[in-house]
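Here you go, one structure.
Per-chain residue numbering starts at 1, and chain names A, B, C, D, E and F are given in the order in which the chains are listed.
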Amino acid sequence: MADDFSRYSLVIGRFQPLHLGHMDVIRKCAEESDHLTIGIGSAQYSHTVENPFTAGERYLMIEETLKDEGIKNYSIVPVEDLNRYSVWVSHVVSMCPPFNTVYSNNPFTKRLFTEAGFEIKASPLYNRSVYSGTEVRRRMESDGDWRSLVPPAVAEVIEKIDGVGRVKSLSGKDAEL
Amino acid sequence: MADDFSRYSLVIGRFQPLHLGHMDVIRKCAEESDHLTIGIGSAQYSHTVENPFTAGERYLMIEETLKDEGIKNYSIVPVEDLNRYSVWVSHVVSMCPPFNTVYSNNPFTKRLFTEAGFEIKASPLYNRSVYSGTEVRRRMESDGDWRSLVPPAVAEVIEKIDGVGRVKSLSGKDAEL
Amino acid sequence: MADDFSRYSLVIGRFQPLHLGHMDVIRKCAEESDHLTIGIGSAQYSHTVENPFTAGERYLMIEETLKDEGIKNYSIVPVEDLNRYSVWVSHVVSMCPPFNTVYSNNPFTKRLFTEAGFEIKASPLYNRSVYSGTEVRRRMESDGDWRSLVPPAVAEVIEKIDGVGRVKSLSGKDAEL
Amino acid sequence: MADDFSRYSLVIGRFQPLHLGHMDVIRKCAEESDHLTIGIGSAQYSHTVENPFTAGERYLMIEETLKDEGIKNYSIVPVEDLNRYSVWVSHVVSMCPPFNTVYSNNPFTKRLFTEAGFEIKASPLYNRSVYSGTEVRRRMESDGDWRSLVPPAVAEVIEKIDGVGRVKSLSGKDAEL
Amino acid sequence: MADDFSRYSLVIGRFQPLHLGHMDVIRKCAEESDHLTIGIGSAQYSHTVENPFTAGERYLMIEETLKDEGIKNYSIVPVEDLNRYSVWVSHVVSMCPPFNTVYSNNPFTKRLFTEAGFEIKASPLYNRSVYSGTEVRRRMESDGDWRSLVPPAVAEVIEKIDGVGRVKSLSGKDAEL
Amino acid sequence: MADDFSRYSLVIGRFQPLHLGHMDVIRKCAEESDHLTIGIGSAQYSHTVENPFTAGERYLMIEETLKDEGIKNYSIVPVEDLNRYSVWVSHVVSMCPPFNTVYSNNPFTKRLFTEAGFEIKASPLYNRSVYSGTEVRRRMESDGDWRSLVPPAVAEVIEKIDGVGRVKSLSGKDAEL
């Protein structure tokens, strides 16, 4: 444990699923920090087209990938949405180990943490047109090459839980009754 | 009560309102089952354009129609949405009498119950371009012939609760303050 | 369906489990009414010492017993607690078929429905020292004669779902971790 | 306190932020009433593009403006959305001082309060193409003249809390992680 | 509006009902402050033995009493409990006009606001053995002299809403079904 | 990652705070498992006498202690209570990496996971009269020797966050207003 938490930081994403762009961000943030908390946002959602994987499945994807990469100074925390943004920062703070810096390019996240007195740093950039959860899910649905967009451990987890089957079955037309 | 619950089934719909297409499904599912639970989905919603009727009003529509049809081997259960899909099957199970088979054509419902180990059967088909809640509500709004799309008991309930008046008043332009 | 809902009534209980005292009440209320809605209160609770059975299990107990008794003019509706009593009557009303009269001896229930303009009638009396959910559960726990306190269909349901096993296992001393 | 609450009324808005059109409505409703409750709707939302200000900030805007105008016969009440419309009227009633009349042009609000037995009066009209929360926020974002659309006290509150900075920062493109 | 919010303060109570001890506190806090926000805690609860009155009824009691006393520099805000204490301060802040000082003798309230960086001042003392909500409700129940414990406007509100009838009816023995 | 999740297990506690008895359990469970998920129960509670520490603070205590002990095959997951026990197992499953075995001596936890088809193993025993969260908090309150009951890293975390100050301030008499 460091003497204080001054170089403890936070990065939050939905990780539906974790892809190589996310990993660029996590790798660089972890390097710059004594300790990095990786918040899994929208933790209570799963089994929808936009959020196919549970928080626990996403936790396993991140943990196995970081183990493969040899990154050790991190915690993973599922964070449920509250949809009451005035208390969201307090909620995140209560669920996570201490942190002083937040990495984000999201204006909403940046504003909330700034108003609460946290230091904000821009997330490292990556090619968002290639690496995105939407693109990974689109390729899963259409039998495209989604594996090249994600770390090997993520592909392994998705296979073990039949993630492609889930993505495909959720994308069917919605027919009530 | 049957010796076991092996031929107890479930069908879920929003029934806004119950129409003749729904009744085709319910009639056939009830015939194939020892017992059929009819789940009224999105039970907490009412008084909106998409969900004008309360769960209790929908309950009465279904009950009166099944009485008219002479169907007896059913239960009706209002089921509130939880918007936390990983627990939705457990929630439905806890609210309903036991069942082993789920009738559904909805990919989302089918996936969730399949992952939880239930047997899924396709719902019987009906002409969805004619029989749909949306169409019934559209005709109510425009003084069209909605009565021919619903069972007589449904029309009677809707008249008793001034359902057409509600549908019309909700469809006005939304003007704040 | 009656011409109006003037003789439609409501009775609410937790039914953990349904016992012969409850049945006295239901039988008399159903006789006095065109239609009786039986609300299963605290519907979201189960698997605790006070509330061992799910709403769906309680639904089945009631339904099978009424079938045995030949009572037909009823609906069964699981009603979740909201713990926001100012809106509780509206919540019950929205979940249940229409009713004008409420049978209750509970001061809280009586006050809330009275303030909302409903007619309140006292529930028929029964011997509460013998017939109570607490006593039934106590006998289950201690291998006493609980069967004589409940209708035969309730005993049958409890056996099918291993209800005694559940009551016994929940009553163990609470030891964290 | 009046002898009874017959001329106590309610008007509800989101007030994101309070503008001169809102004030026309409030001024006229307060004149016609012994007492006017001003409900701040969607009270739990803030820090989004559509709902940038907290309920407390909106409370201060209204209170300071009414003080400037010399209006005294009012209460201000933040009202959280419940998204369960069948109980919404009961919820509003429980949070607000007594009222018998509701001012509204919103079909949804009018229908719900009408079904619950309240008197509905149309809100006084104002020029909605000029005075709207959307237009005020649009001008804040683009450095336009938003001050001429709001009462002086609202402009002062917005400056003190850096409201324009918040609106601008929230309107950035949403980039996850 | 003051130039800044440095002398804006908050006091929170349940006010079930407002009594003369509460008024001593409010009077002194209002004198020491530019502006005092009076938070009505546990706003969503009502119709129970401990919390008989709705937030709206409590709002009216406070407002009418302060009008009688000539106190003007205050806001009244119903605050719902969240039962998630790590976010409670943020929740209160979001619902209330700005404040920097919190008056409280409650260790829990003091700790939460202290950790969040607010200035805490001890509430003025009053005779808690005589003036307490519990004592007022006890006297209502037993036809004792409750009026001498509350401001005249509170007694008037309680009479208009039949508050004594409600307290008495809620205190009956709880008999299920 | 193991070939399958057959030796992945779960243990859940509140850890208010983590003590040496907990560590005996965690150490033995981790030894017997390929992977152990440590669920932090009642994650949303903090700042009360029974639950003084946030989930994030408890997370840090566990993580630092396991690092000191050289245990590596674990995940830590804060799990919020839902108070709807029929869905609790599904909720836990959705938040945690996969597991097949649950370590517990708690009858309630054992029953719920047994009904859901999980393998239950008894938690290893430890001296509960000496090692308990209640005893640790009692000693904090009375300036007793609490440090000897917890791992060194836990004592260090508690000092850094002034945990003793919090426990003491929360234990004061509760005085409203």
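Keep this in mind: a residue touches a chain if its C-beta (ideal position, glycine included) is under 8 Å from a C-beta of that chain, and two chains touch if they have at least 3 such contacts.
Everything numeric here is computed off the predicted structure, so don't read it as measured data.
When you check each chain against chain C and chain F, which touch both of them?
B, E
Which chains, if any, touch chain D and chain E both?
Touching chain D as well as chain E, we find A, C.
Kindly point out which of C-E, B-C or D-E repeats the C-F interface, defined as over half of the contact pairs being the same residue numbers.
C-E
Counting residue numbers used by both copies over all numbers at the interface, does the chain C-chain E contact come out same (over half shared) or different (under half)?
Copies use mostly different positions to touch.
B-D versus B-F: which has more C-beta pairs touching?
B-D
Taking the mean of the CA coordinates per chain, how far is chain A from chain B in Å?
Computed value for the inter-centroid distance: 37 Å.
When the centre of a chain is set as the mean of its C-alpha atoms, what distance in Å lies between chain A and chain C?
Measuring from centre to centre gives 45 Å for this pair.
Got the chain E residues that touch at least 2 other chains?
Residues 44, 46, 54, 84, 86, 93-94 of chain E each touch two or more of the other chains.
With chains as vertices joined when they touch, what's the shape: line, ring, star, complete or other?
Chain contacts: none of line, ring, star or complete; other.
Pairwise, which chains touch?
A-B, A-D, A-E, A-F, B-C, B-D, B-F, C-D, C-E, C-F, D-E, E-F
For the complex, which residues does chain E have touching chain A?
These residues of chain E touch chain A: 82, 84, 86-87, 89-91, 93-94.
Residues of chain A touching chain B in their complex?
Going through chain A, the ones touching chain B are 44-48, 54, 166, 169-177.
Quick one: which bits of chain E touch chain F in the complex? Just the residue numbers, please.
Contact set of chain E toward chain F: 11-14, 21-22, 25, 84-86, 104-108, 110-112, 114-115, 123, 128, 133.
Which positions of chain B touch chain C when the two form their complex?
Contacts found on chain B: 1, 4-5, 43-44, 46, 54-57, 59-60, 63-64, 75-78, 80, 93-98, 153, 156-157, 160-161.
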